Every structure is written in structure tokens, then in C-alpha cells.
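Same chain, two partners: chain A is paired with chain B first, then with chain C.
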Partner chain A sequence: MNPAQLESLHRELATVLPGDAILHRREDVLPYGFDGTAAVKQSPQLVVLPRTAQEVSAVLKIAARHQVPVVARGSGTGLSGGSVPVPHGIVLCLAWMDRILELDAQNLTLLAEAGAVTQKIFERADAAGLFYPPDPGSMKVSSIGGNVAENAGGLRGLKYGVTRNYVLGLEVVLADGEICWLGNKCVKDVAGYNLRDLFIGSEGTLGVVTKVLLRLLPKPAARRTLLATFASMEAAAESVSRIIAAKIVPCTLEFLDRKTINCVEAFAHVGLPRDAAALLLIETDGHPVAVEEEATLIEAICRAALATQVTRAATLAESVRLATARRSAFSALARLRPTTILEDVTVPRSELASMIREVEAVAARHQVEIATFGHFGDGNLHPTILTDERDAAEMHRVEAAICDIVRAALARGGTISGEHGVGLAKKRFLREQLGDANYRLLRTLKRALDPTGLLNPGKIFDLREPDRHG
Partner chain B sequence: MNPAQLESLHRELATVLPGDAILHRREDVLPYGFDGTAAVKQSPQLVVLPRTAQEVSAVLKIAARHQVPVVARGSGTGLSGGSVPVPHGIVLCLAWMDRILELDAQNLTLLAEAGAVTQKIFERADAAGLFYPPDPGSMKVSSIGGNVAENAGGLRGLKYGVTRNYVLGLEVVLADGEICWLGNKCVKDVAGYNLRDLFIGSEGTLGVVTKVLLRLLPKPAARRTLLATFASMEAAAESVSRIIAAKIVPCTLEFLDRKTINCVEAFAHVGLPRDAAALLLIETDGHPVAVEEEATLIEAICRAALATQVTRAATLAESVRLATARRSAFSALARLRPTTILEDVTVPRSELASMIREVEAVAARHQVEIATFGHFGDGNLHPTILTDERDAAEMHRVEAAICDIVRAALARGGTISGEHGVGLAKKRFLREQLGDANYRLLRTLKRALDPTGLLNPGKIFDLREPDRHG
Partner chain C sequence: MDNSGHSPAIVSNVPTALSAGGSETLPASSAPAVRTGLAALDYSVLQQCMHCGMCLPTCPTYVETKLERHSPRGRIALMRAIADEELSVTREFGEEMYYCLGCLACTSACPAGVNYAELFETARADIEQHQVLASPARSSVRWFALRLIFTRPRLLRFLGRLLWLYQASGAQALVRRWRLTRLLPTRLRGLEAQTPIVRRHFSDELIRETEPAEGPKRYRVALLTGCVQDLVYSEVNRATAEVLAVNGCEVFTPRQQPCCGSLHAHNGDTATAAMLARRHLDTIDPFQVDAIISNAGGCGSHLRQYDHLLRDDAVYRDRAKEWSRKLRDIHEWLVEIGFRPPRPAEKGEAAGDAKPRDAAEEVVPAAVAVTYHESCHLCHGQRVSAQPREILRSIPGLELRECAEATWCCGSAGIYNITQPDTAAWLQERKVGHIVATGAQIVATANPGCLLQLVNGLKSAPAAPIRVEHPVVLLAEAYRAERPVTPITTHP
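Then we have the complex of A and B:
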């Protein structure tokens, strides 16, 4: 926007928002110029901080009149660039809409504003003896609206699913400023198309989520954590196969490779054997008797698959200590080099062992440093590329490695993103995964719901690209 | 279609389908003129029975060229008129595409053609020690494609969810004949908009589902069935509240009212006390120890809430006998009068007791016979109206009663349909539930994906009605 456009837009926004809710000075808007994604930045010209859905609606109506794009954001912890500002746009930050409005113990639901922090929602449910399962790595900071926009996952996906599986309803502000409720407190509802699930994971490109109605579960009575290390990745993979074949569905089934193990140990000192090639963190929850039985069976399976060490937490404190090994993986790796790129490819579980080997081969081929950890139960891998974005030659090799990793996942029936979203980071691969017809459908829906393309334009796909017909 | 149009269409269809796959004689097409919904019929002019997605695609391309509407159907057990033919249209029946193509025990998935019968899918999973939870009342006959089109529910919704919760992927043929895969074997996938969930429950208005990739669970190790009767509906409702408050999530929590109890007893002789005002059928599954504990607790809760009788099945045979009380409810009621209209309103669970009382008041007010049963855990009620569609005066009162029941559900934050779909039966209420903005969105999506309105037109909503703006 040129200074005159900016001035006129600012003046109009000031008629619907209090003065403190509009930021325009360079030092004030700068923190909104990036999210958790490496190597993508764009300083915004204007940031607005609404307090109500009505204010969000008023902002969108003004933006539509001025034909200025709007990028919604929560806490800015996204890992695919979904909430990075677009040039000449407004950033609409929902951080001030952070209240938990209701916990309904009879219907097991919780209603929160979009900016409410996920961890607070977990804690509020927990205090009522209830359970909100999705636990993205960023949950202490990330907002529920952001989790909905990206359909965030976490460590409990195998047994409990992801954010989508807990959303009963959404308040959404559409591109034209209309406020709309999708869903309700009914466990079953088949009245009309499922718009709610279309908006979940749409990365702010179809509307702005302002309230979220969540489904809660009773809190599992018991939980048991095990940590097993292996001399080879194949032995770890074999253990996972046998656990699933034994009809056990652990709530957590996480994997660390050798590089990650060493790095975590150096960082967090949890007592991991430095010579281990693979580590599994396994958690089972539910009825105390069932949990004990499952833990015993899992331990036996790991030992039979030649685990070098199996530790079964006897206390909650020890359980937390073991989980630290996995929870600190990203932070530990991020210290090693200036730039950390967290990949998010996912494959069917049966393809995971071969995928991990392929990532190792890619790293060797392109001479790129890659540590891998992830959700073994889900087939969701996070190959973590340790690099330096200032080194153009290395970044060139990194880019080639990422392409190879993504294509290897697709060749195995996988997806380019399991839980981080497409945003800017993955849009160049989306058509390859979906095929022309499916990709065209996506763009058709975007055009139908946001005809002038004002909501988070350029994320997920580029509308200016021509359609291809098969 | 006039005879010339019909002849020309038939001739063209014969170029892409074998002769036995096209029905046109009155006696052959007649069985495709209705589904399980009372009082809606429309004899089709042409019925096609494709064997592959390519044949479905070819039929849709021809239909598009001729601008002839297409209504897809499976086994025709729908309860909202979703698969009733439209005038001058083709019926596309998927009954011959009924193969189960793969059970993948490593990834816990099952791939089936759309016409595969739900019960066969359940049995195939069961034989592998796995579990496909959705169990619509019609599952012995209904097809998985129909279950997906209507997002069918069943008795296990409280704990296990509905059809949607088990669909990982869909092969869909779009209005223009393009064949498209939505989803894959990955447990987590956030690549692009969630089109899969948009198509689930879209009642054949956005595309024709030809294959379904389902997620399976390990089979629960144990199951316990209890049947409790109560002298008042309030006592039954109180038991349900206390069960939920005790953090128990039964897999089944079903309710029968006095009229249904008497009728079932006369029909199936399961030994129910004729003076009971309410009956709960409760099933818990999982680890044997957990199941025993839960069953004991449930029994104590029911007794404390003054159940007149509590029976706990000791054997599988007894468990099946108790479940018969609920499973035979509809058949038992359907014998009483010539026309049986099965309502499907759903409310938040906390509103269910008040909703049941309201249904009784509506029946008295309009002098209509209504027996009520349903899924207490889900808030999903089936007030069953026993009437005679040949009696215009009575049908007038029935219509008034249905309107009152639906509005009472909406006033309680409920939905016009929990698991049967909108189809023809509920479309007059849809806008009232969704509001203008949401309703407009639905129609916008339909226009975007099926621009000439050839797929099951007139179901869910009427596109000729003008849009309303709030």
C-alpha cells in the first residue's frame, strides 16, 4: 500500500476499533512479520487486534472495500508459513480473544475464543477431570484458533486423533464479514454439508475462526510411559509392528534417530545411551489394569526385538523425565546450526521404516545434516534439517534434499504434510500429491468462498496459476 | 424425458455399459423408485448398474451432455428420501460394485467398493481381529457408499463416533465425470482443504462415491450388556447423567419409551416388564477388568436411581437377547399402523429428558401416536410416528407434530437430523437450523462443484429458491 492508501485504510479501521487495537509503527508491527517457519519473513504494514467477532467482521468488511488482503494469526507458532504476512496486507491477530467461555460438564464440551492458548484449554479440562487430547509441540504458546486453522496434531494422534477430531463447532467470519456458526453441541449432526470440517485445516484462506467449541473426553485413569533403545532402526520398527499386531494402541509411540538421541542427551541429560541407533517413547493410558498389562506386553515385545535398554517409569516424575527425551528433541536440535527446518512428511505406518532409511540416504546424497524424529504410530516423521540460511550453496543442497524427501513420501502413498499445513513451505508440492482434478477442486472452493481472494492469498496454492485439466 | 430423448440417452449409454447394466422396462425400474422413507416415491425412467468407476464416469459424462439429472443409490435403505429418483433422471445404482478389495492389517485399513454391504465389512474386519464400529440399524442391507453419503450413525456413536470418523479416503466421480481420490492411508494429512469430509454426508449432491478406504480399530477384548427398566423417564435420564458424571463412556446407551417397550415385548418376547416407563440398554466394551468394573458401577448407578429391574448379561447369547429389545424397536413399531415415520432429531445430551417430554406433549396436542426410542448417549432421538398416509386429515396432524418436534429440537440447540440426512424429508427445515449465511454457503458450494445441478437435484435444498441475505 502506498502512504495515502495506508492512511485512508487506517482512518477507516479507527472507526471500528479502539486506538490500541491498531498497530502501524515499524517497531510495533515487526514481531508480526514471521511465524515459527525458518526463512520466511514479511513485515506487515498494519496489525489489528480485535476483541470480538463483531470487530473481526468490521475489519473484514473494510478490507473488502479497500481490496486489501487479510492474514489472520494467533500466537504465530506455525511451521509452514501459514500466518506469515502477505505484502500490502493487514495482519489480523486474535491474541486478545483468548477467553475460555464455558466448560459444559454435562455435554463434555468447552467453548473458547480463537486466541485461547491450547495448554490453558488442556488445563481447564484437566481440572474438571476431563481431557483435551491434541497436544501439538507448541501447545504452551499456540492458540486453539491456530490449531484449528492448521489442523494441528501432536503426540497422541495414533489413539486420539488430531485437532479436527475434537472440534464440534466453529464461529467463523467469512470473507464478506458475515458471522456464521458451523456445528453445535450435538454429537451427531447431518444437517447439510459439513462446512466445519472444510474450514478446519483451511489455513485462514476461507474465513477467520473466532470461536471454537471442543469435545472433551473423560480423563484416562492411568498412564504408563516406557522408553526403549535399539541398536538398529529395523529393531525399533519391528517392535512397533509387533505392538500393533498385538492389538495395542498406545496413546504415544514416538521415535528418535541416533543423531537426535545424542543431541537430546547433550542438551537435556536424561540418561540416554549415546550408542543407541533408535529410541522409542511409548505411552499407554486407560484403566490401570489394562495399562499395566499393556506396558508389560510392550516391554516384552521390545526385549524380544532386541532392545538394548527398556525403562518403565514407576512414578509420574520419571514418566515426565522420559517424555522429556522426545519433547526436547526440536529445541535440542535447533541449537546446533543457525537454521532449523522441520519437515513433516507422513507415510502409511507400514512404510515408515523404509522412509526413515530413505531420509538417511537423501542426507548422505546431498551432504546435508538431517536428524529425524517423529510419531511412529502415525507414520508422521519430522526429518529436521540443520543448516544455515545465509549459505546459498548449502541451501541449494537443502532444497534438493527436501524435494527428494517429499517425493519419497509421495511414492510411498504418503502426504507432504501430516500436521504442519501447506502454507508457503509446501505449496510447490501440493498439486503433485493431489493430482490435477483434486487440486482444481480446492481452487474452485477457494474462488467460491472468497471470490476476490482477500483471505491469506498465496497460501496453500497460487490462484493466479492456470487450472490444468487431466 | 420424452420417448425420443429417452431413446437417444439409452442408445448412448449402451455404448459404455453392457446391455444387462441398463434397465428401462417399467417392472425392472420400479424397485428403484423408493428408499426406506415413508410416503416418497418416484418411478425412474432409466436405471444403470455400473461395475467400475470408469463406467460411472462415462455415465456422468453422458448425463452431462444430455443435461439429465443423476441420482446415485446403494441398497436404498435411506430414511430421508436422499436416494429417491428425481423426475426425468437416471438412477445410478452401485449395488454391483460390492467388493471388499483389501484389508491391510499393518495399517489397519480396509478398502471397499461403494456398494459393499456394511455388515460384510464388519464381518471381514472381525475375522481379522479388527473392528469397524459404525452400526446403522440397516447395516445388514445398507452399503458403505450409502453410509458415507448420509454419514450414517448407529448405536455406538457416543464412544466410537459415526461413519465419518472411520473414512480415511474416498474415490469420487465428479459431476463432469472426472475420477478423483480424496485422502489416503495416512492417519494424519493436512495437505490442502479437507474435501473428503465435505463429500461425506453430501447425499450424492457433490459427486458419486465409488470406493471407500476405512480405518479399523483393534477389536475390544470384552463387552458387557446391561438392561435397566425404570418407572419414570426422569429416573432413566438421571441414571444417564450419573453414568457420564462417573466418567464412563459406554459404547451403547440406548433408550426405549413405554410405548416402544410394550410393542417390542409383544413382538419379540424378550421378557421386558410391561409396566416400565423407560428402558436403557447399556453396553460397555474394552479390557475385561475395566468392563467388569464399569458394568458393576453402571448397575449400582441404575439401582440408586430407582431402576425397577437391572439385568446384566452373563453370556453372549443373553447379551444378544437384551440387545434385541433395542434392535427390534423399529420393526416392532412398524407393524402397528400402515405408515411409520421415523424422526431423527438430536439435541445436546443434557436436553434429552426435556426433549422426550416435549415429544409426548406434541403427540397429545396433535392427537398423533408417537413412540420414542433412540441413542440416549448421543442425544439422538427417533420419535416414531405411527400413522396412515392414506388418511389426509391424520397426515395433516402428523405434519404439524413433526414441525413442532423439529422446532423443539432447534430451540434446545439441536439438529433436524442426527444420522438420517436431510434429503427430501428435512429440507424445509434446513435454513431454519443453519441461518441464512450458513445456508447460502451450502448452496454456493453446490453451485461451485456441480454448476449445472445434475447430481441429485432438489435434495438437501432447492437451488431455485432465491438466496437470502441477513
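Then we have the complex of A and C:
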């Protein structure tokens, strides 16, 4: 974009937005050049901060007229580069649309603007005796709109599912500026295509989510947290298999390896055993009697699978502290090396132990440092590569290691991303996973909803890249 | 590669002619070296931020604006852009870094362990060196405060004495009654109302140079009395000396102490900060004491960094290392040495009671509710958070009630309430609201800036008067209540 075009775009935006809602100075826009993903940044030309869906619509119409790409952004905590700006683009930041509009205690729903912070939604529900289960690691910061766009998971995914399972309705602004509502408060609804689900996890490439209607659950009456330590990763993986085989569905079944344990403990000081090779954080919730029974069973299974120690959190506050500490794992690993590259491969749970062994083999093969943690109960691993982006030779080995990890997951019937989305970071592997027909269908949909490729272009897949078979 | 310490590369933007009037040990202004400030900083400090955003909800200026630029990771991104030479040190950047409170709440929230304090001080020093905010008025104020007043303890005490006379003589009351303050510009008028009340007796009149331990001597400690605290909260210093003595510490309190330099370091004058640190090390030999005690959160946070500040000073390096190793916040020290919990007072007189009791209350002494506001640089800067609470809980007749957002800045933030009055007032109001909501009769806090900010904030609170006190004063009162009445007097 040349200065005259920029000037004209800016002038036109100023007719639909108040002056404070358009950022253009370098010092103002530079901090929007990245999200939570390592080693990707791109400074935007302009940042706009709308306060209503109407303003979002007006911005998209102007962007369409000027053929300027728009990248929607919430709190910028994404882990696949989904909200990293595209060259010469506008960032449409929804942080100012952060109100929780309604809690309907009769229908157990909550209506919030897209910029509302996940933690605030959880707290609002909690205060009413209700429960919003999805709890991504960044929930204290992340916005609900961003959670919907990435279909964010979290620690409770095993029992409660992910963001998609709690979205009843969406207000979406389409690429042409049209504002439309998808879904309603009904528990059942089969009228028309399920377009709502199309937008969940679409990473801002099909429309901009401006409001979210969420389904809430009654708050579980009781909760128990257990901490089991192991002398080997295999023993931990074996425990997980046995728990699942015993037909127990804990709310949370998290795994941390030694490196992760040590980094988390250095930050959070919650008393994790620094000498353990592996640790499982297990939480069960529900009716007090059931919870007690499950906790006892889980404890016995872990001991039988050679856990070196199994302890129970004494209080609710301690449970919360442990879960919070676990959520810091990814960021805490940044203590070890300058650059922290987080992977998100997921395999069928029966493949977990073999996948873990493969990650260890990859680290040894390419001489890179990898710490692994993740949601063992879902088969969702977070092998985290600790490196330095300024070391070209090392980054070369890191690249090779990532490829090997992804291929190993795919070979086991897994997916390249369990919960972080494809964004920029994983798009080169998408076709390999989906196959050509599936991949073409993605493009067909994108072209139908955003014919000129205005919305977050170049994320998930490239629209313009020549189709190998089509 | 180093940029701090007493490198002549970084000096404030004070004209050299004015600097000549400063101390003989001050470095003269000189042309900047090739790479200084952020550009010369060890890049790994900047790289440590992986921009995960965990800091955002803890940052008051981000919460106020919801703009990335006003967040810790946004500011670090700007600093990194400067280090990468994608951005120069601009006026906008300068304003941004002075909009930052420097409360360090982000460092407590940061799982990656980013050293924001160092980034913050380096950035501000860079801003002063590049003079992007320079104006004649700003330069004069900076020279007056940083180079003149807060480098000369005698002058500061003299000015304090004048202010005391003005207040004690009734002149201040007259000026206010006759509304002569209307003659002041609006901004100064607001500040005038916040003028702290200067104490009649400063620390050196309340504390002997060496106070013996009560009972067997277990430790010998040095007590730092601060500069502002010495004038307006000298009773906190007195109380600190008392509680130390009760717990077996012989207390050495140099009668004349320099400012710790935190004001300078936080405002981009690293050179003067280093000079003041060296003066401190001349006044107190850290090898001769078991601990050096600070009772002000803001000072303590900076005092601990002397080892870092003087790491390239061949003469002072070892002393500074020992100093930092022995520097303790008073609460931290008391808990570390296993302080004796006060015994309940004989006549049912609860310590720290804010108002006289009536006959009915005399029969069943009700607990007095106290809430604790955490000084940013005590909890985030020094990671001392549990210990003051442990002390408050130990006091008979006090009930500790937690306050929402206890770790949030009150808006005082050094001189922030002077430089950014709007944000400071917003934070003050938010803080006062949370304190009032607890229903506590006392709010305890361990930093003179916070004490002043809360006193001023609570003046306009609609609720019953709430006493603002340092935890150590409450502890000292409880110890005093154990024995026959002995009023605090000046020593001969």
C-alpha cells in the first residue's frame, strides 16, 4: 500500500470510527505484530478497535472497497499465528467489545461480546452456581471470540469437550459486511445447515465473530485433584491407558515431563516433585460419592502402574493452584531457552506411549531439546522445542524435528493440531493430513464466503496456491 | 556491553551548567557511546519475553485502555524494535515508558521470568539520554528533585523542617482557609491538597545510633530510614527499631543516610543511582552486620539490586554483593528469625484500635478488622507477600480480612501521581473502593508512597474513618501494650 492509498483508507475509516479507535503510529501498531506464537511477526498498517458489530461491518465494507486484508484479533494469545497480521493489512481488534451481556439462569446460557475474557465468563457463571468448562491455558487472558475462532480446548477437554461443545449461537459479520445470527437458545435445532459449526474453528477466515451465546452446565458439586509421580514416561502413559480402560473419565488428565515440572515449579512454587521423570495431574469432578470412588480407583491404578507417589490436594484452593500452575507450563518453559516452539500433535489414545517414545527419539536424532507436556487423556501432546531463533543451524534441525514429529503423529492416525489451530505455523502440513478432496472442499467454502480473500488470507491454507489436482 | 553502573554514557538530560552545582561525584554529561541503552542490553533479556500475554490482565495501564502498546509485552515489543534498530527512541516511546507505572505486577505474572525491572530502567535511561522528552521545565524539575534534593539528606531534612514549620504554625491552614491555593496552577493545586504532614521528630531524634537488643543479643542489624519516610513516617522507623530490639536484634541506625537511589534508577538517572549506592556502602559496612533492614517496599526493591547496579565497579563490587545478600525487608526478616507473637494486652485493650471504645465494648473486646494492601515493590519487586500477613495475623485483637486486588498498584508508584494524575486517581479510587468494601477499620501497607496515597484517597471515602498504618507500627503497638505505658519519646 502506498502512502496515498493508506491515507485514503485511514480517512474513510475515520468516517465510521471515532479517532481513538484507529491506530496508525508505529509505536501503536508494532505491538499488534504478533500473537503468542514464536518467531512469526508482521507489523500491520492500521489497527482498528470497533465497539459494535455495526462498526465491524462498516470496517469490513471499507476494507472490501479498498481490497485491504483484515485480520481479526482478540487478546492475541493464539499459538499457531492465526492472528498475526498479513502484509499491508488491517488488524481488527475486538478487545473493546468485552461485555458479558446476559446470563440466562432459566436456559443456562450466557451471551457475551467476542472480546470478553474467558476467565470472566467462567467467573460470572461460577457466581451463579453454573459452570463454563473450556479452560485453555491462557483463559485468564484469552477472549471468547478467539476461543471460538480457534475452537480452543483446555485441561477439561477429556470429560467436557472443547469450545465447540458449548457454543449455541454466534453473531458473525461476513466478508461483505453483512451481520448475521447463527443458532439460538434451543437445545435442539436442525433447521438448515449447521452454519454455526462452520465458523467455529475457522480462524477468522470466513467471518468475524462479534457475539457468542454459550451453553452452561450446573457446577459440579465436588472435585478431587490427585498428583501421581513416575520414574519413567512409559509408566505414566501406562497409567493413563489403564484409567481409560477402567472406564473412568476424569475431568483432567494432564502430563508433565521432568523439564516441564522443573520450569513450572520455578515459577509457581506449588511443591511439584522436581526429581520425578513424569507427573500426572488428575482431576475428577461430579457427585461427591462418585468423585470419592473415582479418586480411590485412580489412586489404586496409578500405584499398580508403579507410580512412585500419589498425593491428593487437601483443599479446593490447592486444586486450583495446581491447575493454574499447569496452565503456565508453556510460558514457564521459556525460562530454559530464548525461543519456545510449541507443537500440538494429537494421536488416538492407544498410540500415546509409542508417540511419546517417538518424540524422544526425534529429539535425540536431531539433537534438539524437547520438553513434553500435554493432555494425556485426550492424546493431545505439546512437545515443546526449546531453541534460539537466531541460531540458523539449530533452527534447521528444529525444522527437521518438527516435520518428523508431525509425520509420526499422522502415521499413527493423528492430527497436526489438537487445539491450537493451523494458522501459519502448521499450514504446510494440512494437505498431507486432509488429503486432496478434503483440502479442495476447504477452498471451495472459503471462495463461497470470502470470494476476494479479504479475511485473514494465507491462514490455514493458501487460496491462490495452484491446486495440484484441480 | 554493559550500560548501567556509573558509565558516563547515561546521564539525565540536565544541562551541564546545572549539573556543576551537583555533587562532586556526579559524572559530567558526555556524548553517548556507540551502542548504549536498549541497543547494548544483553539481547536474551528482551528475548525472554515470548509474548504469551499472561501479563495483560495484571497490568493496570492495559486494563485501563485495552491497548497492546500499554501492556508489558507491547512495551517489550517496542524495546525489542529499538534494539533491532527498527524503531528509534522516539517521544512516543518516551511517553509510553513514563505511562508505565513500573509496578512490576507483570513480573509476578510472567511464567517465563522476564526481568522487566531491568528493561524498564534501561528504557527510561535510554529516553533520558536521547532527551526525547526534554523541556526546560522538565529538566529543571528533574535537576531539582533527582540531582539536588534527593542526593542531599541534610538539605532534604532542612526543607522538611521548613514544611513542618509551615504546617505546625498554622500557616498552611490559613493559606487553605483563605483559598490562597487558588493562585496555584490547577495541577499544583491538586498536589497541594496531598501534601504529607511532616513529623515533628525525624528518625535520628527517635532512634539512637545503636539500640541494644532486648534480652540476649541474637543479631546485629543495620536499619535504613529512607528519605521521605524519615520526614513523614519517622514513627515507622521508630517502630521498626523497637520490634527488631524485642526480637533480639541490636539495631545500628546511621544518623545521616543517603537516599537509596530508587527514585533515580526508576527515572532514568542510573549514574546518580550508582553514586548513591556507593555512598550507602560507605555508610554501612555489610560485612559488619547480619542483615540490612528496609521497611519501605519501594526502597527495598531497589536496595536489593545494588549488586547488579555496581557489578562493574571494581572497588565496590564485593561490598555490593554482600549488601544484596543481606538486604531484608523487615517482615521477611522477622519471619525468618522466628519473631515472637505479641501477647494479648492485659486490660483487653486491642492493639491498633482506631477509636476509643465505649463501655459495652469493654466487656467483650471485638476484633478489629485490618486489611492489607501490598506495596507493588514489596510483593512484585521483592516477592514478600505472606510475611506481612503472618505478622498481622499474630497481633492479638486483629482480624485480617483480604481485600480484592490487594496486589494492584494504588497509583502512588513513586512520583506517578504527580506525572500521570489521571491514571493515578483512577487507581486510587479503585483501591479505596476495595478497601472500603472489606469493612476493615485499618488498612496496613508497607511503603511510604502507598501510605500517603491511601491516606489521601480515604479522605474522601464516604465510610467511617479508616486508619492507614504500616504493619510494623501495629506490631510495635502490640508489643508496647504488653507492658506498662511508656509513651514514645525522643531520646536525649
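One rule holds for everything that comes next: the second predicted complex is superposed on the first by the 449 of 470 C-alpha atoms of A that agree within 3 Å, B and C clash if a C-alpha of one lies under 4 Å from a C-alpha of the other, contacts with A are read in each partner's own complex, and residues count from 1 in each chain.
Here, a residue touches a chain if its C-beta (ideal position, glycine included) is under 8 Å from a C-beta of that chain, and two chains touch if they have at least 3 such contacts.
This is a predicted model, so every value here is computed, not measured.
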Under the stated touch criterion, name the partner, chain B or chain C, that contacts more residues in chain A. B
Of the two partner chains, chain B (first) and chain C (second), which one does A:122 touch, if any: first, second, both, or neither? neither
By the touch definition at the top of the document, which applies to A:334: first (chain B), second (chain C), both, or neither? second
With the two complexes superposed on chain A, say which partner A:160 touches: chain B (first), chain C (second), both, or neither. neither
Mind working out whether A:35 is in touch with chain B, chain C, both or neither, as first, second, both or neither? second
Which partner does A:230 contact after superposing on A: first (chain B), second (chain C), both, neither? neither
Contact residues common to both interfaces of chain A (with chain B and with chain C): none
Touching residues (chain side chain A, partner chain C) in the complex: 23, 25-28, 30-36, 38, 49, 75-77, 93, 95-96, 98, 115, 117, 119, 138, 140-141, 263-264, 266-268, 328-332, 334-335, 338-340, 388
Which residues of chain C touch chain A once you look at their complex with the stated criterion? 44, 47-48, 50-54, 56-57, 66-69, 71, 73-75, 77-78, 81, 86-87, 90, 92-93, 96, 110-113
Going by the contact rule set out above, which residues of chain B touch chain A in the complex? 104-109, 129, 150-151, 153, 157-158, 162, 164-165, 174, 178-182, 184-195, 197-198, 200-202, 206, 217-219, 241, 244-245, 247-249, 286-287, 289-290, 293, 346-350, 375, 377-380, 413-422, 426, 430, 433-435, 437-439, 441-442, 444-449, 460-461, 470
